[in-house]
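Chain naming follows the written order as A, B, C and D, and within any one chain the residues start at number 1.
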Amino acid sequence: MLNVGIIGATAYTSLELIKILLRHPKVKITYLGVRRTDRPMISDIFPTLKNLLDVSCEPIEHKEFPDNINLAFITLPPTISMQYVPLFTKRGIKVIDFSADYRFRDKSIYEKWYKAQHTDSAGIETAVYGLPELFREEIKKTNLVGNPGCYTTATILALAPLLTHGIVYPDDIIVDAKSGVSGRGREPREDTHYCECNENIEAYSVGGHRHSPEIEHILSIKTSQKVSIQFVPHLIPMNRGILCTIYAKPKQNLKETGFILSDSEVHRLYKEFYGKEPFIRLKEGNETPKTKDVIYSNFCDIATKVTENRIIILSAIDNLIKGASGQAVHNMNVMCGFDEKMGLL
Amino acid sequence: MLNVGIIGATAYTSLELIKILLRHPKVKITYLGVRRTDRPMISDIFPTLKNLLDVSCEPIEHKEFPDNINLAFITLPPTISMQYVPLFTKRGIKVIDFSADYRFRDKSIYEKWYKAQHTDSAGIETAVYGLPELFREEIKKTNLVGNPGCYTTATILALAPLLTHGIVYPDDIIVDAKSGVSGRGREPREDTHYCECNENIEAYSVGGHRHSPEIEHILSIKTSQKVSIQFVPHLIPMNRGILCTIYAKPKQNLKETGFILSDSEVHRLYKEFYGKEPFIRLKEGNETPKTKDVIYSNFCDIATKVTENRIIILSAIDNLIKGASGQAVHNMNVMCGFDEKMGLL
Amino acid sequence: MLNVGIIGATAYTSLELIKILLRHPKVKITYLGVRRTDRPMISDIFPTLKNLLDVSCEPIEHKEFPDNINLAFITLPPTISMQYVPLFTKRGIKVIDFSADYRFRDKSIYEKWYKAQHTDSAGIETAVYGLPELFREEIKKTNLVGNPGCYTTATILALAPLLTHGIVYPDDIIVDAKSGVSGRGREPREDTHYCECNENIEAYSVGGHRHSPEIEHILSIKTSQKVSIQFVPHLIPMNRGILCTIYAKPKQNLKETGFILSDSEVHRLYKEFYGKEPFIRLKEGNETPKTKDVIYSNFCDIATKVTENRIIILSAIDNLIKGASGQAVHNMNVMCGFDEKMGLL
Amino acid sequence: MLNVGIIGATAYTSLELIKILLRHPKVKITYLGVRRTDRPMISDIFPTLKNLLDVSCEPIEHKEFPDNINLAFITLPPTISMQYVPLFTKRGIKVIDFSADYRFRDKSIYEKWYKAQHTDSAGIETAVYGLPELFREEIKKTNLVGNPGCYTTATILALAPLLTHGIVYPDDIIVDAKSGVSGRGREPREDTHYCECNENIEAYSVGGHRHSPEIEHILSIKTSQKVSIQFVPHLIPMNRGILCTIYAKPKQNLKETGFILSDSEVHRLYKEFYGKEPFIRLKEGNETPKTKDVIYSNFCDIATKVTENRIIILSAIDNLIKGASGQAVHNMNVMCGFDEKMGLL
């Protein structure tokens, strides 16, 4: 059995993580750490866990952790996370970090967008971006995974095949993203008040959202070209789920490269790219992804459509599962040599 | 034109009040007062008012108010409200107060439930409970109205005909009430977070809710008997609307009194009681009230059903309109001798 | 491995059943039968099952079924179901039926409420009501289970301890029930249209709902007294979940029986009654059940509160899981001697 | 008083139309016609109208209409509508048609997309597209208005200033549109079932939606250039409201034309274009339109944002009001010389 600890157990993603791990046959949760100290039982914080996991949460400010942890999930906010990750990696303990602190190979991008100095350069150097579909081999070998953001997962998976094969211009991509409210976190705020979100849709961070540089950074590295996107997120009145509608422009000289642009050829290309991936499902014909088909699952559903001037890619995930906790468990499975689907179907 | 001021302009009820008053042909809003001072324009607080009411909000802590107010709506929280009401009544200005501070003729009930000493005994003595269907004549003559709560409005209107005619036992009444989330106010809290309310229903204050003594107090006064109810409110994932499902027990000796208990007789009794009321609509046959039919309106829809052991009464209102701001305008119309429906259809 | 078939695979309950069975380590789905014949793959009917169960659905009108079925779940509507159940029971195949057709020991009650003649008297005689908490021993021995309705499950579990111990009057019970829309089935109708349900709450079947006689019948049998309830269901704008708010009247002579009516004593009584039940969770102190804590699970959360004139019992379940498919799998586990929790946590 | 008739009174848009007209001081509803004949009272079809408009609906299949109609609103589906419109126009009665039948000056576009032969060529020739902000003078003079679609209204208003001034390429425009479910109509269908829409977002008609040619047609006529757009609509779990997120590409030679591309300059351009329009509200600074601020109103809220490669325009309307019935009344006001805001604030 792998003994795992969760550091930062009060987030919505932590709850989903716990629920997945409780079903995982090779894992035992041996430690829960929280920044708040007033409510000791995890089943008091999340009554849905009653009878499933009735253990107490330990305060983490002392930064002392027990020995019986083989792998730590860090679900703390960015800039806080990097204060805790080295405490584990230095002791040789595997870490999967949910914040943005270990997603960038280039410290300067992180520091610009998160407005903080990065204090763990050593960590950044060994960290691997935890998108198994693109970085599986690296994940197998690392002890530190930077678990991807939710918008980024849906966007990168949707675009990787086209960009890898040079089908579309890397600097003329529009990502219109829609997310359920749990993506905003669990903290009560005016913009997460029920009456403000319900019966409403709005765009936010139109000027620039933190997930935008993450998407560009990872896609640029992976496809060896400078990728730049126009990213606009929207808040949707539903608890969970993300749908990305992506508009990419096919290159003009495609014929010369031998690629015949059509729905079936694009579909074939995605099938080749993701054919054996356990959590990617490609829609057939005119079917489009619906978030209701992926929520509470680790699947990413993708459809493509060729129109007169664009290739439209639609991708849907559960922001808390494939966009966070399910992907983290997938990474754990890869890191530990378990069956990749274990605990996730 | 009647010049009105609104003291406490940032509540959901204040927004509804403003929207109604803007349509009222005999009213001009001349003053908006707020406890917060950072956002001066009402259309910044409520962008939906842009182009409709672009005036600034004045801070109220100094407790000084201009002369050009003929009637003041006080939409402050209980215990705060009574600090402001006398400032107006003493100058002969009509007041309609939205808090609980002027709803009880008996100070001691108020003080027990609101855990505060009442500082305006004079006000209590002249205040009239602002339910026009039951206290129209008193409202006509008063300068100070205690505007009823939302749950109380729906419950009292549903029960008044049966209790007035002595058809049911006054001490064996169950009120199972369901409210949209706006009833909880506009303050962000864990229990109004979108993800906590959405896809959820729960009961709250099962031991005792503040509206319970208000209902009992008013019904007891109005029907000259000691009324006691069992009241359980529930939070429903919708913005607005209240549905009360009320179970009353018919008296055993009804036949002796000449009342033949049946659906049609009960319906007839309600028709007599509310026949000319402009905002009461009685459902016919097996039709039941739906909150969607009353939201954004000042109507209260009521249905009755006689079963083997009970008379079931269903009543639906918009908690922000008939349960607050619409009723306040109705009271204003009565107090000022306007057509009662003015601004409300 | 137990080979199971699902007869009537297109209902919402069927989807939930499939998802649970796919996680069950001792079960293999070997047959899916449907009344419609146009969409052969189950993952076309429910795209969420893509990659999880890509098998075809067989038409069932011929009433011929393969041999490789050890247990059949029948998820057909009432009156249709009883045409199929005997086809399996006669061959010695275990059956768990989701309709009302095998829930009544007394045929006449069924025939009155479902307005149809019952054609399988032999089935009724051997059928056991599939509420494991109350009928575990009988379920172990039977080959035919009538799986309870959703409202009935929540209500019976809430009332059984009090009625069994004679604490409350069996004929003065009010059940105010609230259900998500999936309880209405998957058929598009005016009353399940999104815009008609959303931002709305309404009561329905106020005169009498089919679940009412089922509740009375089972509670009467189990607690050996004539139980009669006042049952009013409501439609709530959410996908799934049921909350029952139940008002029971404590008997006047309790003291003589040695029972001291108090919150703690009632709570102790429930704890004794359900102490070892794997799927009953009793709320402590002033905590109340929330449907969000039980949806997607087989738990029933229950709270009790003693007030001046009533004992209030609140119970919450997922109507599709504990109110249908989860309970069916629980019954299967009991019938087959599996660990009761298998596949359900 | 203007006597108006509504032909096709059972749509969601008809209900909104009636509610607006009931508040309009110069209008009297004298006729309601329906295609169904079973429920004669409009307040039976829409119980929310009870006590507001208790008149009967007449069957329209006979195509005979009374004389006391000065203006007819036709709220029938496309291809049905053109069978009724001439019956009124021929008698000199003003008509505002809600369908697509009179929105295209070019019959062939209509016939291609609506797969039907147009039978009223004379009507098409005199019909004016009912977007007052762009066609006010023509509307003043016509007897027949083709009332715009909901998506088209939000999109055309958002793009007209930029296209009129030649700021952006007319053939590189992406419109990512999000609509509440009432946009799908009132007919129960699988895709409007509550449980299918709730907690879900999906794109539809990705290949090509009927509103796409309407937008291109009108913008091309109005701005004298061939406009072509990429339009993808999405279904959002809310009753009403549309948000369009539009990505337009600024021309490369703008500097030569003297236009300095910046947030403030684009904002100034919109202010000039719409400065006096009563129903256009331009957001300031970083504020973005929210559908909750426009629902139940005739406003269109618009924001613009200049990014590295695009101008992003956000526009929000109520699909049933500014996208249908409010706009129709606005058109009526213009046609009849009433104050344009009458009945609409």
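Assume a residue touches a chain if its C-beta (ideal position, glycine included) is under 8 Å from a C-beta of that chain, and two chains touch if they have at least 3 such contacts.
Predicted model only: the values in this text are computed from it and were never measured.
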(message) I want to compare two interfaces, A-C and A-D. Which one has more contacting C-beta pairs?
(response) A-D
(request) Find the chain most remote from chain A, comparing centres computed as mean CA coordinates. (result) B
(message) Could you work out how far the Cα centre of chain A sits from that of chain B, in whole Å?
(response) 47
(request) For chain A and chain C, let me know how many angstrom lie between their CA-based centres, rounded off. (result) 37
(message) Counting only Cα atoms for the centres, state how far chain A is from chain D in Å.
(response) 39
(message) I need the residues of chain D touching at least two other chains; which ones are they?
(response) 196, 198-199, 237-239, 290, 292
(request) Within their complex, state which residues of chain B touch chain A. (result) 12, 181-182, 186, 188-190, 192-199, 237-239
(request) Spell out the residues on chain C that touch chain B in their complex, using ranges where they run on. (result) 171-172, 174, 176, 178, 180, 196, 198-204, 206-208, 228, 230, 232, 234, 236-241, 243, 245, 247, 286, 288-292, 295, 303, 305, 307-310, 312, 314, 316
(message) Please output the residues of chain C touching chain A within their complex, sorted ascending.
(response) 22-23, 47-48, 50-52, 199, 278, 281, 287, 290, 292-294, 296-297, 299, 301, 345
